[in-house]
Amino acid sequence: MSLDLEVTRLRETVAGLHAELVRYQLVAWTAGNVSARVPGRDLMVIKPSGVSYDDLRPENMIVCDLDGVVVDGDLSPSSDTAAHAYVYRAMPEVGGVVHTHSGYATAWAARGEPIPCHLTAQADEFGGEIPVGPFALIGGDDIGKGIVATLSGHRSPAVLMRNHGVFTIGRDARAAVKAAVMCEDVARTAHLTRALGTPAPMARADIDSLYDRYQTVYGQPGTRSTAR
Amino acid sequence: MSLDLEVTRLRETVAGLHAELVRYQLVAWTAGNVSARVPGRDLMVIKPSGVSYDDLRPENMIVCDLDGVVVDGDLSPSSDTAAHAYVYRAMPEVGGVVHTHSGYATAWAARGEPIPCHLTAQADEFGGEIPVGPFALIGGDDIGKGIVATLSGHRSPAVLMRNHGVFTIGRDARAAVKAAVMCEDVARTAHLTRALGTPAPMARADIDSLYDRYQTVYGQPGTRSTAR
Amino acid sequence: MSLDLEVTRLRETVAGLHAELVRYQLVAWTAGNVSARVPGRDLMVIKPSGVSYDDLRPENMIVCDLDGVVVDGDLSPSSDTAAHAYVYRAMPEVGGVVHTHSGYATAWAARGEPIPCHLTAQADEFGGEIPVGPFALIGGDDIGKGIVATLSGHRSPAVLMRNHGVFTIGRDARAAVKAAVMCEDVARTAHLTRALGTPAPMARADIDSLYDRYQTVYGQPGTRSTAR
Amino acid sequence: MSLDLEVTRLRETVAGLHAELVRYQLVAWTAGNVSARVPGRDLMVIKPSGVSYDDLRPENMIVCDLDGVVVDGDLSPSSDTAAHAYVYRAMPEVGGVVHTHSGYATAWAARGEPIPCHLTAQADEFGGEIPVGPFALIGGDDIGKGIVATLSGHRSPAVLMRNHGVFTIGRDARAAVKAAVMCEDVARTAHLTRALGTPAPMARADIDSLYDRYQTVYGQPGTRSTAR
C-alpha cells in the first residue's frame, strides 16, 4: 500500500476508534487518546489535543514522526504524543497505543496497586496481574519510559501509571483499544469482588493455560488478540 | 415448521438477542454469547467467536450439532460452544443458553459466594439463592458439566461459575437472556445492600410463595418465564 | 373532557412515561410499572404484565376499575395492579402511582433502613427521610395497605417496601415518575456518602424550609411538584 | 457584536450545553443548570426553572440582569438564579456558572470533605484539592456568597456546597460545564480509590507543575481551559 493510502486508512481507523472509548465510558470530555503506527515508517497517527470526541474526523487527525514532531496536520497533537512516540520507538512490535483515565482502573493506579488475577477474562487478555508503572510527569520521555520499562517482557498489554491512568498497547490500534476496554472491565469486577470480601485464588497453571489458549484459539483465524 | 424455516427464524432471534446483552451492559467487547436449540433436532444456533456485537447478522450465526461441530457457517463458533452443547445434551428441557461476565454477578463468582435471597425479584425469577459452580477450564466438557451439575434440580436458571462468570438457561433463548439480565440486576442490588450492612431476612415460605406465583401468574398467558 | 378523550390521553401519558423509567435505568426487563387515575372516575390506566418497554403503546395499556378488574384491554394488567388500585381507593388526592426495583433504593429497602435526609435535593422532594414500609406478599391488598399506612400523613411521596422495592405517588403520573427518579438519585448519593464515612447533619428547620420553598416556588406556576 | 446577536448566540450556547450535563449523567430530571454572562453587560442567560432538558430551546432560555431580575423570557428563571447572579457580580473574570447534584461529588459534599488531590487529572483541571463550601439555604445571596468566599483566590473552578451539590465557574459557559464534568469524574475515581484503601501521595511540586502546564500547553492555542 502507498504511504498516502496507508495514512488515509489510519486516519479513518484512529478517528473511528475513539468512539469505542466513548461507548464504554472510558473517557470524560477530551481525556483519552488513540494512536496508530504507520507500518514500516517512522510515523504515527494521533488525536489532536483538547478536541471533543464528537468533532474527530479523519482529516483532523495528526501525523507525527516518532519524535513527536508534527508532519501533517493543522492542530496541536495530543499532549500525550511524547509518550506514544517513545513506546513506538522502543517497542517495534507495537502498532497501537491507547491512553485513558477510566475510573476503576485509575483507582487501582491511584493506590499504586496492581490488579491481581482472579478472573478467567483477565487471564485470557492480560495473562496474569495488570502491573503498576511509576509516577511520571507529562511533557518529556518519563511517561514513555515508565510504560516501556513496565510492559517489556510482561504479558499484560495494559499498565496502570501511578496517580495517573491507563496506557495500553497492541499489535494495532484496535487491539490496544480492546485492551483498554477489557482493562476497565476487569478492574471494575476486581473492585466489586474485593469490596465485599476476598477473591477465590486461581492457580498459576490455570492462568497460563487460559492465556495460551486465548492467544491461539479465540476469535477468527487471522484476528487473534495477541498484543505482540 | 421445516428445518430451514426454523433455523432461519433462530438465526434472527439469536443475532437479535445479543442486543439485549449490550443494552443492559452485561458484556464488554465480544465477551458474551447467546445460543438456541433447534427444537426437536440435535442442532443449535450460536454466535461466531470474537465478532463485534455491531457486526452480528442472522447470516453470520453458526449452526452446530450438539457435539459442537459446525454444520453451517463460515466462521468459527463461540469459544464457549462446547459448554452450550453439553447443556443441551444433558438438559433436554433447555432451549436457550447465555454466557456473560457481567460485573456484579461475576464479583460474587470471583469470591465463590452464592447470592443469598433477600429480594422479592430474586425469589420471583430464581426461587432462592443463585448458586456457585466449580472452577473449570475452557475447551472441553468441564464447564458444561459444572453448569449441569449445579443447575440440575435447582430452581435457579443462573449459575455463577467460580472465577469466571455467569451461565443462564431457559426454555428458549429469550428466557435465558432474561435470566442473565435479572441475574446481574439482582447481583447488583445484593451487592449494594451488603455494602452498607446486613439484609433483612426473608422467610423460606415467602420465597416459595413468590416463586410459585411468578411461574404461573406473571406476564401474559403462554409467556410465563419458567426456565423449564 | 369526555371519558373517552380522557382515557385516550392517559393511555398516551402512561405508555410514554415508562420511557423515563428506562432512561434513568430504574427498571430491568419488565420489572416496573406506571399507572394513572382517570380523574373523577373509579378507573385507572396501567401497564400490561410482562410486556417489554419497547412494545408499550397507548393501545395496549389496560383500563381497570379501582378493584383491579379489567374494563378495557386485551392483555392481563400489571401483576402490581392490586397495589395501585388500593392506593387510589385509599388516597383520593393521588393521581399517579409508580413501582420500580431501582437498585440503590431497593438496597436500602433490603436492609429495612429508611434513607436519612442529608441532602438539599432530598429535603426539596421528600421533605425528610424516605420511609420503609412492611414486607408484604403480592397478590392481595397487603402491599397496597403497606404503602398507604406508611405514606399517609408523611411528606415523602416514596416508600421503600422491605425486601422488595419502591412505590411512589403523585398528584398525577408524571409527578409519581419524578418521585421515582429522584428517589433513586437520592438513594444513590446517600449510599455513596455513607460508603466512605458519615454525612454532615442537616437541621430539621433547614429541611422544613427547603421543603416548603420547593413545594411553592420551584418550577413554573401551575406545575409545582407537590405530590398531594 | 451587537447585544441582540450576542444574546441570540448565548441562548443557543446555554440551551445546547445542558445536553452535556445529560450526556455525562450529572443531572436527574431538572436538577441542574447552566448560565452565561453576556460579555460587557450586566446580563446573564440562564435555564428556566423546572423545565425538562428535552424541552430546552434557545428561545425559552431566560435573560436576567445581575440582580436576577428577568429582562427577557416568558418563564420563571432557574431557582438558582440568585446564586449565579451573585457570582457574576463578585467575580468579573467569570463568564459561565454551572450547578449540578452529580452523585459522587455530592457525596463528598454531604460528608463535608474536600476531595484530596491524588490524580494527575485533578491536578490538571483543579490544581489541587476541590474545596467544600458552607451549607446555605436557597433563595437569597447565601449560596452565592459561599461560592465566592470559597473559590476566590483558589485554583479550583469547582466548589462542593455542603449537603447540597456542585457549583463550577469558568471563563465561559463551556469551561464551567467542562469543570462540572471533570469534577464528577475526579470525585468518582477518588471515591473508588478510597473505597479499597489509601491513595498514593502526590508531591505538591508535581501538582503545581501539572497545573501550570495544563493551563498553558494543553489543547489548541486560544482554547486553554483556564477558568479565569
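Letters A, B, C and D mark the chains as written, and numbering starts fresh at 1 in each.
Here is the rule we use: a contact is a pair of C-beta atoms (placed from the backbone, for glycine too) under 8 Å apart; a residue touches a chain by one contact, two chains touch by 3 or more.
Please read all numbers here as calculations on a predicted model, not as lab measurements.
Here the chain-to-chain distance from chain B to chain D, counted in touching steps, is 2.
If you lay the C-alpha trace of chain A over that of chain B, the rotation comes to 90 degrees, to the nearest 5. Between chain A and chain D, two chains of identical sequence, the interface residue sets overlap only in part, with shared numbers making up under half of the total. Each chain gets one centre point, the mean of its Cα atoms, and the points for chain B and chain C are 31 Å apart. Residues of chain C in contact with at least two other chains: 195.
Per the touch definition, chain D reaches chain A in the complex via residues 24, 118-121, 178, 181-182, 184-185, 188-190, 192-193, 195-200, 202, 206, 209-210, 213, 217-221, 223, 225.
Against chain D, the residues of chain A that register as touching in their complex are 28-31, 48-51, 75-76, 79, 101, 103-104, 106-107, 110-113, 135, 137-139, 162-165, 191, 194-195.
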